[in-house]
Amino acid sequence: MIHRGPMKHVSLFIPCLVDLFLPEIGEATARVLRRLGVEPLYHEAQTCCGQPAMNAGYRDQARNAAKHFIDVFGGDDIIVSPSGSCVCMVKHHYPLLLCDEPVWLRRAEEVSERIFELSQYIVDVLGIEDVGASFQGTVTYHESCHILRGLGVSDQPKRLIQKADGATFVPLPFAEMCCGFGGEFAENYHYISEEMVKEKVENYLESGADLLVLCEPGCLLNIGGYLSRNHPEKKALHIASFLAGTERGG
Amino acid sequence: MERGAREEILGRLRKAPRTTVEPRPEMPPLRELSLDREEMVAIFTEKLTAEEGAVYRVGNGGAAVARLTEIAAEEKLERVMVSADEVVAPLDLPRWGEERGITVFTPGDFSDRDSFRDAVFDDVQAGITGADYAVAESGTLAIAHDARQPRLVSLAPVMHIALVPVERMVAVYEQAVEKIYGDGGDIPSQVTFITGPSMTADIQGRPFKGMHGPRRLVVILIG
Amino acid sequence: MEIRTTIFNEVAEREIRNPYARLFLKAMPAVIAKRRTVVMGSFPDPVAAQACGQSIRAEVVARLPDLLEQFERNALERGAKILWARDAREACEMVLALAKERDVSYVTKGKSMVTEEMGLNDALADSGIEPFETDLGEFIAQQLRRPPFHIVGPAINVPVEEVRDLFMEKIGMEKPTTDPVELGYAARLFLRDKFHHAALGVTGVNMAVAETGTIINLENEGNIRFNKASPRTQISIMSIEKVVPTMADAMHLIRLLSRNCTGQAISAYVSMDSGPKGAGEIDGPEELFIIIVDNGRSRIYADPVAREALRCIRCGGCLNLCPVYTKIGGYPYGWAYSGPMGQVLTPLLLGLDRTQDLYRACTLCGACREVCPAGVDHPSIFLYYRSKDVEGDRGLRGKRRPWWESRLFGLWGRAAAHSALWNLGVRVARPLVNRYSRGGVISRMGGFFQGWFRSRNLPVMAEETFHERWRRLRDEISAGGPKGEA
């Protein structure tokens, strides 16, 4: 292994959707961090933050996932994840799930202090806005619900986009409006979900942007899946992929 | 049984676990509180005008009556109802009406509520009242109702004309409410805040004035 | 009011294809939301102003029994008569008894959601007493026998042709006009006559001030003021959570309610009643009855999570920003309360078992929570209801989940705690999923996820998941491989 002097280390939390369907986002995350002088670690024992069970009301199962997560990541100084909703799950719901078990609760609170969404980590913790990315064209940004309202992260991804060489940022009309994913919702209330993602894509087209960037894998599956079927010439990318310069059709 | 319901409901509420009350968070004072009288008048006028209320400023009671005369002529008013409150009473509007061929009713003219009601619903074109306060923050009138200030005078006729001495201008609702309710004495049976004519947009979102209450609101600020 | 919460999907699918409704839902809520942002700017610190409102409502919930007793004491001192009703039936019976004692043939009503909850109009009509809704939108909705489309505009979606036909048939309008203003004035004349001769007026209550025993109503039209001025008897009906501590609190909530409801600084009229009319007053009610209605709320109060639903001040701010409501409108929610506000309250009052879709047809986006001046945390409450279904909670009437779902999540829960199981599961699932792959993309999966695949594709499950490629990746980037250099 080549020594590059003292390195920061962060532990990667790769959401299940990324692991299974969009691993290139995980790769891009690792590569971008490495480029910024941060060595990514990955605990292979990790599985899932528990959000699907939590959202479906299965709190016991979500609690199991939470405890496993805390066991896996409990010793890390910093955890970074390319998903705002997963970070929200850890920060906001783990303490709720474990409120009756004081030892676990304390561990959950500790972990929740040390977990960051990717763009939040790069801009707020590393203090970097220019990561050496480049893109020739106009870029717009969809404000995913959990990262926006759950974490208060909105500025950071936009600054990263704006600092990409050659990229011009254009606003997305109704950027803060939910895209209609919502996990099970997209299937169980597909007729509503469809109208929501259709409108999101109409707004994307109206913006005139060459590319839509977002921070949430679920949103990417949703919007990207709709684009793939209905507007295959238009693309959506995760911020990690955008910054790493890797691209894969959405 | 009646009593039973009260005890049952309150009993269930009291049995439930108590939660602590957090103190109110800090909130900076409303901007309007730093306005002087003239600034308040300007804001009041701007806000009420935006709601399609008409606002006039006159120097004194005599000028107010003159303005009233103009309005009556413009609107071709022939029959009006006026309150007997302490702003309007000194103006002796019944005599003013007599001099101009305008029939001026006051609540005291009616021996019972039904005949008063008939008059104010069907027999007058405008209601003229004073107001207890004018609130600058939203161009709002605050009217406390009592025997001399019936509720229907500012509600049933198609036009409402309100006269308000500028000394009664306050910045925010709390100031009016403190003065009306704060004394610890008798509080009025009803207090009404009026901010513009009656309005609705319930049919296809098309807004218009004068749904049930007055279609026109005129405020004459005196002083 | 008929309860239609169990046919949510049927109604929503119909409404989402109604171009007329969609037109309104695209325009009106956005307009109100924009106005709201502007008018909240009148506060030097809008965030603090909202936090203050939330604090007031938190105090109300925390001190509910004390505040109700204080309100009652002060209202009685002002000469009001206070009646307590355990449920909708009792409350209706009280109104009917009062109406019959006074030989009332019809009643004029101001907009009141609790009376819709009670089904008061039907109870009155069944007893031969005709109720007239006097808010223009409620009047139209009542005549058409429909639930409210939007809390602010209950019939705002109804085409003018329909209103014209309705008015010609029901209120004797002669001119066949479709001009909204002329239609409005036709309704005005009809209802004005009702106000003129009304013996009994019924209103709701926006706020009941404990400090002074005062009830407060907000409106733009003036119909509530008429109900409080013209008839000899006034009945004002409030659900228990309408109480607020002080007049100062009430003023602050008036600002927040108006800004969130219609984007106004304040509604055209606010009327505040402390007891019946005074001696010597020539109008106003000789008797003021205030009915305090429980209808399941005191039971909810025992639940520390559910009780926070009682913070709601019915401003409707949540409706205007809800991405689901603004696609389907008010009808699918099936009862008096629609949008996120209804999603929180209706399950508590009717039971989770008959309101399943209300808290599941939601992406938990949180736009409602963000805007709420009362501090309701809608998404957390919906998650709570979902967990109560899984638990089969008797108190809230949770409905147990399908056996195969429980089995699935049981398995999932085990896999989530054991990565070997998790990775095994992936290896088993992958060929099953990817056999539908066409050119790197899945556009159908047999009978599964048909809803998703109607309009969306899915990427194939990665031949090499992140788990599976990590070691290679790690070596690559540690060795300073492509794109791994600092």
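Letters are used for the chains, namely A, B and C, taken in the order the chains are written, and counting of residues starts over at 1 for each.
Here is the rule we use: a contact is a pair of C-beta atoms (placed from the backbone, for glycine too) under 8 Å apart; a residue touches a chain by one contact, two chains touch by 3 or more.
None of these values were measured; they are calculated from a predicted model.
Peer 1: Name the chain with the Cα centroid closest to the overall protein Cα centroid.
Peer 2: Per-chain C-alpha centroids ranked by distance to the global centroid put C first.
Peer 1: Name the chain whose C-alpha centroid is farthest from the C-alpha centroid of chain A.
Peer 2: It is B.
Peer 1: In whole angstrom, what separates the CA-based centres of chain A and chain C?
Peer 2: Computed from C-alpha means, the inter-chain centre distance equals 32 Å.
Peer 1: Measuring from the mean C-alpha position of chain A to the mean C-alpha position of chain B, what distance in angstrom results?
Peer 2: So the centroids are 55 Å from each other.
Peer 1: Residue numbers of chain C touching chain A in their complex, please.
Peer 2: Per the touch definition, chain C meets chain A at residues 9, 12-13, 16, 323-324, 327-328, 357, 360-367, 369-370, 383, 385-390, 401, 405-406, 409-410, 412-419, 422, 426, 440-441, 443, 449-452, 454-462, 464-467, 469-470, 473-474, 477-480, 483-486.
Peer 1: Please output the residues of chain C touching chain B within their complex, sorted ascending.
Peer 2: These residues of chain C touch chain B: 24, 27-28, 42-45, 48-49, 51-52, 55-56, 58-59, 61-65, 68-69, 78, 83-86, 90, 134-137, 140, 153-156, 158-160, 163, 180-181, 183-185, 188, 191-192, 195-196, 212, 214, 220-223, 225-226, 228-230, 232, 240, 247-248, 251, 254-255, 265-284, 292, 294, 298-299, 301-302, 304, 307.
Peer 1: Inside the complex, what are the residues of chain B that reach chain C?
Peer 2: Contacts found on chain B: 2, 5-6, 8-10, 12-31, 47, 51, 107, 110, 113, 116-118, 121-122, 137-138, 140, 145-147, 150-152, 155-156, 172-174, 177-178, 181, 187-206, 208, 210-214.
Peer 1: Okay, in this complex, where on chain A does chain C touch?
Peer 2: Going through chain A, the ones touching chain C are 1-2, 4, 14, 18-23, 26-27, 30-31, 34-37, 39-40, 42, 44-48, 50, 52-62, 64-65, 67-68, 145-146, 149-150, 176-178, 180-198, 221-222, 224-226, 228-230, 244-246, 249.
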